[in-house]
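Letters A, B, C and D name the chains as they come in the text, with residue numbers starting at 1 for each one.
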């Protein structure tokens, strides 16, 4: 029977994906449904992106209210990154063809902290928004940690330190076949403690994987503490440079700046893999979480979610 | 049993370790960035001997091994799939193998047996660790069923200069054994009920469900036995074999892959070595990952190892 | 048999892969800094698709997985203990688990089964890989006995979009099967001799010693059977079970730890599931590391799995 | 019986170790037996060390002649490093008490390439020189790759990338107990490809393990090729510095310079772990091996050993 369940999921994943706008569930009414993908040519207005980021944050909090096991603080720090990628006309994707060869591959190595991608993926059409309401239940493919059974996710997530190496393989294959698409990886800063990450950091420059962009969600906190109280990561830029990466930094919550950096780096193809160190705040937007060294493990009560949502607007 | 307060195994172990650390400066506690409320006191009291090595399971083992070579007695704290699989070769070479030539007292406190992290998906399910750790000579494999037993192992662990893997359930559980119960860690199992027909052999948290069935079904009395196997290696194999030979039907229970080197393989081997002709049914997780984010009860049911399945399996032999 | 030229398994595989690479640009060959003379041509001819990832087994698996996600068919080359144990969690998550949702054709060419690297000490002995790989759902576990079989698997491997672990002996061996022999990789075993009393079930290089005994002892004819089991997962379990049920005594042979989830556990389980009452003797390596730098024959003898030991074990049942 | 064999070894290891000078085997006659440990105070004359290095190289070649499975090229590059440590009054050791608390711990992470330590360990008294003649046989504890069954070796070797992490644990314990001894690690350059090494490289500075000295046998070759053809390691000094290590370089075959660097670095205790990048040549001293990208795997024939020994003198 285990087998059957997973087969059902695959059926869902590959065949019966619903389109955006097809949702009429009243509980979903506050979810923005007027999402229009920004057209190919124009650069999106900053205010538009800020609005989107606020919406993503709100929906992420709501999902956490439904599925308290989700990692809320971790999921709030990359909101502007996801927003810029999906609504800023940066990432090439087609929800109707999740494995289209010309798509940009986004590999979410910090899987546990990417629940903020759920509302976006639903919004842009990867699956029905109703699905969000079932996050974390047995009937749903939306788990506490995303897996490739979710349309829009590429790889197995949940265990840290795997995404960059897999992305190197993907980027290598694309180089060889002349596929011009981008390979992006979102990684946590604590994840840098894993040796496997450094194996991949060594390999990429050797093979001139300039189609590879590592986005570091540099929120300064791992699980149990501030990174600086576990093992200092700084001078982190020097580390990346010594490993042969082109390195840039940005305020990870200034969505315009994030958009500009990503736009520039995704285009840049000069022989070096690229890393964007996005300085972020873990739990961004929720005062209960920001600056709490143990925010990683915090679960907000229904009342706290309510309050946090209110405070966003 | 259900009226008792629930307790996690780590909440029994950590205070006991903390207490021992006060008197013994050779005890170290390392974590790969995993915490627990009961750890806060230890961190506070022993900043020099509590070390967070970061999210680096390989180095967790290696640093632990190095400390042990200097005579330290070391506890390593981490999430089960990662401290068993991410650093398997480190455990193998720097604990199991090294300990064949030099004393190495390193205790891997592996939190999250089986489906303990039920909603975190298959990367967090620990279904292989029993089989993996059983391949390691010189390593002791402890799989307790409640917090009393887990706490009692601290003393044993400190006085045995061997590497040990503690397979700890992640969830608060009722207690099975009375406080102060004296466990025979050399023998390695407890008989929770005696019977003459069907023998349940269980390890870890599944003992609770089995015990509940045993206690609530009057017809099982004297017919269905329950063995709580907590040392999978080393243990008194002859004693276990003798028990097994008292049943015509044996049912093994483990929250791990079935048919893949875990508890069931151990029991199969003992049965075959004894030329015993009992039937053996193995309940556990079929070889397939579960992406479903359901409750643990749901996941168990999906694997055919819920109480109803255990009940069905036993009843066919009564 | 001893007059035939000896050949390593890799020397059968690599030229076959090289030939296929000429016609198919989706095939990649990666190594974790391990070479072979037969690899020189491949390196020369396909500098773009031969990649040395360095001494980095974890990344070897991850990069291989990434290539496979783009539709590449990938061979990974490394030393057995390191490509099985150092990167076990990578194999588990990015091959075995990932392949449950997306096609992943990655072939781990694991060189150095058992004591192949006999003088390099226990870090180089691969005694756990059968057990470890058996815990991985969706992964095919291939353990050939000669170079003909190993070479024949290349075609099968390229056309099956699954992760596979090839447990390859490191030493040149005689061939057992005629060139061009057609293997049934779904069934997973070959019957090399039929008998009605004692059934030898062997995997990998030990099949050679067993076959030699079978062929040289006239009294064994029709009494002692020999099964060469080369697919440990998946395979036709019912067919193997049927064979096992034809014997009153079964002897398993593996150059790996015994009683720890390898071949013997697989056979024990099938015997028990069939409610078959045959005796099962398991020959293999007792749970202890060997530091001795002796020859392979010496190491086998030290473990009680030399030809004389096999002979003794069989004879007691004739 | 397996058990028995190993117990025998342990017996040998812990009880029946013979002292230097007790050897009378005629086949050993060319082995220098007049070794006098340089006295505590004085610094050894450079010429004395050079002579010793030549002797070590010669004996290493001879052992290779006896046990062709040993990795000769890998074992020749660290000869001056071992010589300076053991004969240059740098390393504190006592063959009579191999686990004496006050000893300096030398962890040979590149175990495969340390057969050159066998004659030294025998010479200074860890075991009988007769033992050298049985290297690589079933009766001997001297395997193709050393293990802690050999007196003088601390850890399990053979698998790369383990030594530095274990050394961190050792160094940490010694810091905590106030033990002033040094912890030294000998590592190969190809070994740096292992992610586990970088986990340890991150940890050491955080815990101010200035009792830890990493000696890199920087011979520019791994197993299958030049490192620069696998993955460039340079700028390696920058990598170490960015990770918080004090970094120095030396000509690894100038035994006087090696001695001076080691002397300085072993003493230096200023809060940072230290790395000495010793530039070496793989197969040093044997023209058949030097500059051969595949020298790692080369086995010299008896005649070649003869020739190579001759060419040394």
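Just so we're on the same page, a residue touches a chain if its C-beta (ideal position, glycine included) is under 8 Å from a C-beta of that chain, and two chains touch if they have at least 3 such contacts.
These numbers come from a predicted model, not from an experiment.
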- Note on the structure: Relative to chain C, the most remote chain by C-alpha centroid is chain A
- chain A to chain B: how many Å between their CA centres? 35
- Can you give the whole-Å distance between the Cα centres of chain B and chain C? 31
- Item | chain A and chain C: spacing of chain centres that average the CA atoms, whole Å | 40
- Sites on chain B at which at least two other chains make contact: 53-54, 56, 58-59, 81-82, 86, 89, 93, 97, 100-101, 122-123, 288-289, 291
- Item | Where chain D touches two or more other chains, by residue | 6, 147, 149, 156, 159, 193-196, 199, 202-203, 230-231
- Should the pattern of chain-chain touching be classed as line, ring, star, complete or other? complete
- Message: Under the definition above, what is the set of chain B residues touching chain D in their complex?
- Response: 25, 28, 48-49, 51, 53-54, 56, 58-59, 61-72, 89-90, 93-94, 97-98, 100-102
- Inside the complex, what are the residues of chain D that reach chain B? 6, 10, 13, 147-149, 154-156, 159, 162, 164-174, 176-177, 195-196, 199-200, 202-203, 207
- In the complex formed with chain A, which residues of chain D make contact? 193-199, 202-203, 205-206, 230-232, 235, 238-239, 241-244
- Parts of chain C lying in touch with chain B, wherever the complex brings them together: 81-82, 85-86, 88-89, 92-93, 96-97, 100-101, 122-123, 127-128, 131-132, 134-138, 257, 259-262, 264-266, 268-269, 271-272, 275, 277, 279-280, 282, 287-289, 291
- Using the touch definition up top, name the residues of chain C that touch chain D in the complex. 31, 33-35, 52-56, 58-59, 81-82, 86, 119-124, 286, 288-295, 298, 302-304
